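I'd like to ask some things about the structure below.
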Amino acid sequence: MEIVFLAFILILAIFLGFELINKVPATLHTPLMSGSNAISGITLIGALVSAGAEQSQMATILGVAAVTFATINVIGGYLVTDRMLGMFKKKKRELSE
Amino acid sequence: MEIVFLAFILILAIFLGFELINKVPATLHTPLMSGSNAISGITLIGALVSAGAEQSQMATILGVAAVTFATINVIGGYLVTDRMLGMFKKKKRELSE
Amino acid sequence: MNVSIIINIIYILSASLFIYGLKELSSPATARRGNLISSLGMFIAIVVTLFDRGIVEYQWIILGIALGGAIGAAAARIVAMTAMPEMVALFNGFGGLASLLVGWAALFGTGVTNFTITTIFLSILIGGVTFTGSLIAWGKLSGTLNGQPILFTGQQIFNTVLMAAILVCGVLFTLDPSNSYYLYVIIGLSFLFGVMFVIPIGGGDMPVVISLLNSYSGLAACAAGFAINNILLIVAGSLVGASGIILTKIMCKAMNRSLSNVLFSGFGSPTTAKGLIEGTVKPIVAEDAYYILEAASSVLIVPGYGMAVAQAQHVVKELQELLEKNGAEVVYGVHPVAGRMPGHMNVLLAEADVSYDVLLEMDAVNPRMENFDVAIVIGANDVVNPAAREDESSPLYGRPIINTDFARTVFVLKRSMASGFAGVDNPLFFKENARMLFGDAKESISQVVREFAN
Amino acid sequence: MNVSIIINIIYILSASLFIYGLKELSSPATARRGNLISSLGMFIAIVVTLFDRGIVEYQWIILGIALGGAIGAAAARIVAMTAMPEMVALFNGFGGLASLLVGWAALFGTGVTNFTITTIFLSILIGGVTFTGSLIAWGKLSGTLNGQPILFTGQQIFNTVLMAAILVCGVLFTLDPSNSYYLYVIIGLSFLFGVMFVIPIGGGDMPVVISLLNSYSGLAACAAGFAINNILLIVAGSLVGASGIILTKIMCKAMNRSLSNVLFSGFGSPTTAKGLIEGTVKPIVAEDAYYILEAASSVLIVPGYGMAVAQAQHVVKELQELLEKNGAEVVYGVHPVAGRMPGHMNVLLAEADVSYDVLLEMDAVNPRMENFDVAIVIGANDVVNPAAREDESSPLYGRPIINTDFARTVFVLKRSMASGFAGVDNPLFFKENARMLFGDAKESISQVVREFAN
Amino acid sequence: MIMMIGVPKETHGSEKRAALTPSDVKKLVRLGATVQVETGLGEKSGIADEGYSEAGASIVTDRSTVLGTSDVVLRVRKPAVDEIPKLKKESVHISFLDPFKETGLIEEFQKHQITAISMEMIPRTTLAQKMDALSSQANLAGYVMVIIACQKLPSILPMMMTPAGTLKPATVFVIGAGVAGLQAIATAKRLGAKVIAFDTRPVVAEQVRSLGAKFLDIDLGEIEQTKDGYAVELKPEQIELQKEGQKKQIAASDVVITTAQVFGRKPPVIVTRDMIKEMKKGSVIVDMAAESGGNVEGSAAGETIVIDGVTIVGDGNWTNFVARDASVMYSSNLYNLIDEFWDEENKSLKLDFENEILKGCVITHGGEIVSEMVKSLGR
Amino acid sequence: MIMMIGVPKETHGSEKRAALTPSDVKKLVRLGATVQVETGLGEKSGIADEGYSEAGASIVTDRSTVLGTSDVVLRVRKPAVDEIPKLKKESVHISFLDPFKETGLIEEFQKHQITAISMEMIPRTTLAQKMDALSSQANLAGYVMVIIACQKLPSILPMMMTPAGTLKPATVFVIGAGVAGLQAIATAKRLGAKVIAFDTRPVVAEQVRSLGAKFLDIDLGEIEQTKDGYAVELKPEQIELQKEGQKKQIAASDVVITTAQVFGRKPPVIVTRDMIKEMKKGSVIVDMAAESGGNVEGSAAGETIVIDGVTIVGDGNWTNFVARDASVMYSSNLYNLIDEFWDEENKSLKLDFENEILKGCVITHGGEIVSEMVKSLGR
């Protein structure tokens, strides 16, 4: 039964993903890409479970490596996105002053 | 655990519902309302289960009544929507000829 | 894999069809197909449900479906085109009622937990409100009931008390679900609440109310889904619930109102202007004007002093080009006294490089007026005032005008309901086929032009 | 309620934050907040996961997080603004690698069914492709690798064989998950496939590729979610997967290319025009032109013969008004020989009712050229040809021109790369600060005007 | 009895217009009237006798026949006093009459029991607009004045940025933005001039702007306009305020066109000699109403003169420069008037003296002065 | 040695232009030249002597001083032959010269060792555009011809829909859409006329349309243009084709403006008597080149005549109607020419005879004819 639920969730999420991005100005292409890339670092959650579950040494090693890489992705992704958007904001503010 | 899945599904469906209807021309307001009203007749599914489950006489009676009303909603809803949209289409076709 | 999983996989398919159908329904080009797709989703959902292990008795079901199907189909076929909105209201009410019944029936099911009881309560409550609310809306729209908003002192207090009562009953019911007394009270109160909800709203606002109730019936289905633990009900119900609310907001915006203003102001009663002029002023927004223009194959533009004031000639030319590109014939009907000096319109239209070939005199456009799909009156007033033809007491009586009121549809672009040079009211604005596009003419036309671009 | 349910409820919240964040990220006004919201979602998801019953060993986790966090933060801080895209590529690659590792680690988990193995295979495959693909993209963008597309005969066949091999290994692996040999082969092949996927694509198209790989890394996360049975991974992963594909399509559209054209044509290599003229022609679409204009506070419009041919004067005036409404100063720089007769531009601009006050002579605009945020060259060519200043061999040498190439940004609106009256090439089009907005001038400006409207 | 409509040739030397055009002859014939025109009627506006005869009019060589046998006589200008006796008794005479000044003429009409209709007295109501010859002619005059100014000005109106330098646009200042003034504004604007206008009636500002021109704001205190849309006379101190406000604008203008009039009064003097002195050499002033006094100090009726290097055009009779179109419009005004009061059944003109329009424009009837305005003036 | 630039008054009776304006005097002085002008130079174009003296020129009453003491003499029109001997030897003389016809004049220049520069021979290259007086004057002529046509036409150009009926827009047909023709098109278009144009050079069609006017398509077979952008002469059968194609358009036009020219040749006759006969009475034809033969059969040089009821304007010297602006442009052309060849160091004119521009426009130098074109004609 669980698989049904998961499938339902998958389908809904995919539809939602399609709908969310409707019309993006080109200036936002890169930040949006970077921001959603950061979200894809959600695999970190999985990595945490793997790393912490003490299943086997191999799993832990893999898990810790995964945690490291995923964290780079998450932290780096969010910060870079923020920097990009910060520039954008400033330019706009300059104008309004 | 099931409830978690259901809640996830609910949230996603609600977000999706919000996203789906972005910009609707006024000419489509009524058909869209009518069409989504027909979808809300999905309660028919529930009614079918209630009516057919032979839980108790009361449930069956209620279920059958529900089936009847829900069917009116579903059948009537889709047909009316189709009629409305048919009119619309014809007007457009006239033009292109 | 067991049957339940197969059923659920079909449900996923069905939900996808609903989603896709809804998406297509919201664009004119694909709407009809969208409806078809969504009905296909419904069909497979129904068929597959019938295979449910739990369903053992088919005869009653068949009866219910046959009866409901016949009524629904007949109603949908017979109903006059103009009565469709009230028919939708009625259907919606039945949907609400069905949710109420499903919720109720779920009480008799197995594994009734606290959580299920809560959702049963919700499905009964929302279903009941939807039911009576829709009935009232139907009555107001069809004229069975008076369209005027019904307001009385203490209404607010009464409604608050009512809500509190429902809540209390709900809690009691959850604590003791076997006591059907609470159940009946809840059903009764939710019916009453549905009535109270709709009566203070004027007949003119009923479409918005129906849309909102439609959203509610989705929520009711969703609640019923929780009650009987059915994912498809949850998904479809919440889809309708959410999209219905958005649609309601869009409809309010199109009327330039807020939702709360619609629900609580007692506005929206059909109005009649005083004096000889009868009818309702029907405002329109640029977007809708665009949809009508887009479908028009012959368009008459009647410019007046307002076009000059707005300096709208350039955008008017742009609109002309877009309409022509869209396959429509566009001509200008220039009244000899339009503007404030002889040839005023000519000066401006020449500036915008409008070809002389499409500038027609009043006498050239009037005979073919019935054949224009749309006449766009741009900042003209006196020169299209039908009082000159109809109303002997009018100071304009006897002056020839451009009979835009004979065109299939007339758009009047001006900033307000103010009168023109002659200072007399214009019955054109109240005609059945007239739509007012309020705002500075240049702004308004620019907006329409933009719609063409999208 | 047990911990797992609480965790999952938090996950729901976190997913909602991701959804909302993504939505806000796609509009300029809210993008930054969107990113913040999404990071908040990530934060609570991480925190709550740490409470997972299954997690018993924290020291390694802390180490991993600390290390990764430090690297990520440092990289994000240090990277030069211009190097951001390649940084994103790198991050993305790490994300893919992480998914690969998570999938791999899941092999050692409990309850490994056929289904789980399939998803593990998928997460390893997609993760691997994403990893090496992103690395190559990073190399091409940063210049570490040559940006030229690498094409060799038999490439198609090689890739087909590669894919088949992966598939076969996948099946074998699923049948015998304990045999780690297949696993290593799959990892190796997926790495190879990632490389093969990106090398035939030119450096100029890398942003599209990164966006696509980003979508893949979402899918990888999704697959990993199935593998370890984590809803949040599934939801967030599929969100990113789907929205990434849409974004990729949008980016292709903005470049006027199809996705398959980008991926398989070997196009997009940086080009250099022959002869003396150096640099790349950088086309721009109306939408982007709008974003730059929207931020400009002083704009120079330089009209030429092409404006006359396109009869674009009226829309130019409209653009002027919109820019002014937006707070920018707009002036026209009219070159004495622009057009085909003396005063040609004056005739047209007067027709469009452009105030004389904003019509400036060449000598009035040239000294302040550096201060214009944007110079919009509308169908002018010879009169803005810097060869007249720079290139002694040019037949135009010595003729005074409007030095639009000194403005911060120049938009050149014309239909092609064709030359003007004098028949000589124009180095302006290749300058660093020049952007070509190709198309009929009237069309192009109308599009920009529409962007202002939205 | 069929109605005879007669049109004699214009006698005033400089008058080129014809009171009736062939296309309107055709329309009158269609109404059921008989039309006779004097030979050579349309010559000066480029219409041959054949045009008229083809349209259904009879061409008459003898002028007195036209005058003496017609039930309705149409012309442009007021008749010579000595021609009144030649008219058929109780006939209708329609033309410009200048009734406030021409008391002798009015008396003569009275004496011979002629129903005299004055075209300048057509009221400015919505319904009478189509018969309003003052407007139709003023409109053309507005165009003509600009063309004449262009021709006299030693520079061009539009701006031109050329390899041989930039020519600035000429500045045209229009004083009085009634019918003629507005058309002058439109025409100058079309030619690319910088146009500024002034009028005492505040409603005009919006109209000026609706033509894309600028309005000069001068605060004169309270200003009214009559119900017919005419301006009221300014108080002396207001005139001073106006002059002060315009001084700078006049000095900065290449062309000044004055059309300021107050119905039934001598036009105010707005441009004085010292203002002219301040203008650039070669500038042009067109004084629309020079013939009836004018807005410009020193302007000569019917002449173009140069004062302090400034050309002052006071030619008057502006529409004669575009005689063909002017005839078309005037003739159409007359036809609309006749058509309005035509009795379909009897195929004749039936004047209903209770009608608002006729109350205004009929001056004499049955030996009496019937116009209230002219009467009140007579007292 | 400081360079003396002198400007004598124009002697031709109808010439109102001045070869130099005060603002260009100022610029020349800034270059380092001395400028002397004959008294009354700018009178007819509205420039007082004070203007010049304020700008830094000395006002000279004696004409022979101006001629005899100047190193460079500037004027508009070609000089009288008897004034050449009065010029300083080896001085430079810049003006229109009509060098193909004025062989006597050229000889006289040769004899007195004058460097004669002909303004009509400035090549039509990109770089010389700022000195191109033919273009700058033709441009103004285009405007003037339309204004004159407006003034002669008994109707108005724009369309007007009024209570007194609708006036159709006048149709203006422009034959030859070079510099003058294009400006005529633009001006007529501005005034609201329906404008149609024709030219033999196919590239012109787009230019005409870029002004919002229509182009009359007549298929004449192959057509070329010279590298300077001038038209080549048509073959006789092509001229016939053209006439045939234009006939109907001419008959339907209220105004016809002809500017068709072929550089160095007599203009082709395009509008014949029978075409004129087909036109409406009162229509106007403006023949730009009437003075050098003209495009219209029967047009009179320097005069306005009426043939078959059609007014044919052959006045010529068009820019004199806008003498001030014409002077500004011509003067600016001259200044640009001097500036181009000014030697900053020696503060004097330094003519480099290898320069493409000078190769074209210098006719005589050091007693020789140096212009290849004039030379080839002499043989």
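Letters A, B, C, D, E and F mark the chains in the order given here, with residues in each chain numbered from 1 onward.
The rule is short, and it goes like this: contacts are C-beta pairs under 8 Å (C-beta built on N, C-alpha and C of every residue); 3 or more make two chains touch, one makes a residue touch a chain.
Keep in mind it's a predicted model, so treat the numbers as computed, not measured.
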| item | value |
| --- | --- |
| Reaching chain E from chain A through chains that touch each other, fewest steps | 2 |
| Joint neighbours of chain E and chain B, given as chain labels | C, D |
| Same vs different contact residues, chain E with chain F, by half of numbers used | same |
| Maximum centroid distance from chain C, chain identifier (CA atoms) | F |
| Per Cα centroids, the chain farthest from chain A | E |
| Intercentroid distance (Cα basis), chain F paired with chain E, Å | 40 |
| Chain centre separation (chain B, chain F; CA means) in Å | 80 |
| Separation of mean Cα positions, chain C and chain B [Å, integer] | 17 |
| Overlap residues in chain F, where contacts from two or more other chains coincide | 129-130, 135-136, 139, 158, 160, 162-165, 167, 190, 192, 212 |
| Numbers and ranges of chain C residues touching at least 2 other chains | 19, 23, 231, 235, 311, 336-337, 342-343, 347, 350-351, 353 |
| Sites on chain B at which at least two other chains make contact | 1-3, 5-6, 8-9, 12-13, 15-16, 19-20, 22 |
| Chain-to-chain touches, reported pairwise for every pair that qualifies | A-B, A-C, A-D, B-C, B-D, C-D, C-E, C-F, D-E, D-F, E-F |
| Residue ranges of chain A in contact with chain C within the complex | 1, 3-5, 7-8, 11-12, 15, 19 |
| Contacting residues of chain E [partner chain D, same complex] | 158-167, 169, 192, 194, 212 |
| Of all residues in chain D, those that touch chain F in their complex | 305, 308-309, 311, 336-337, 339-344, 347-348, 350-351, 382, 395-396, 398-399, 422 |
| Chain B-touching residues of chain A, taken from the complex the two chains share | 1-2, 5-6, 8-9, 12-13, 15-16, 19-20, 22 |
| Chain D residues touching chain E - in the complex, by the definition given at the top | 334-338, 342-343, 345-347, 350, 353, 356, 359, 361 |
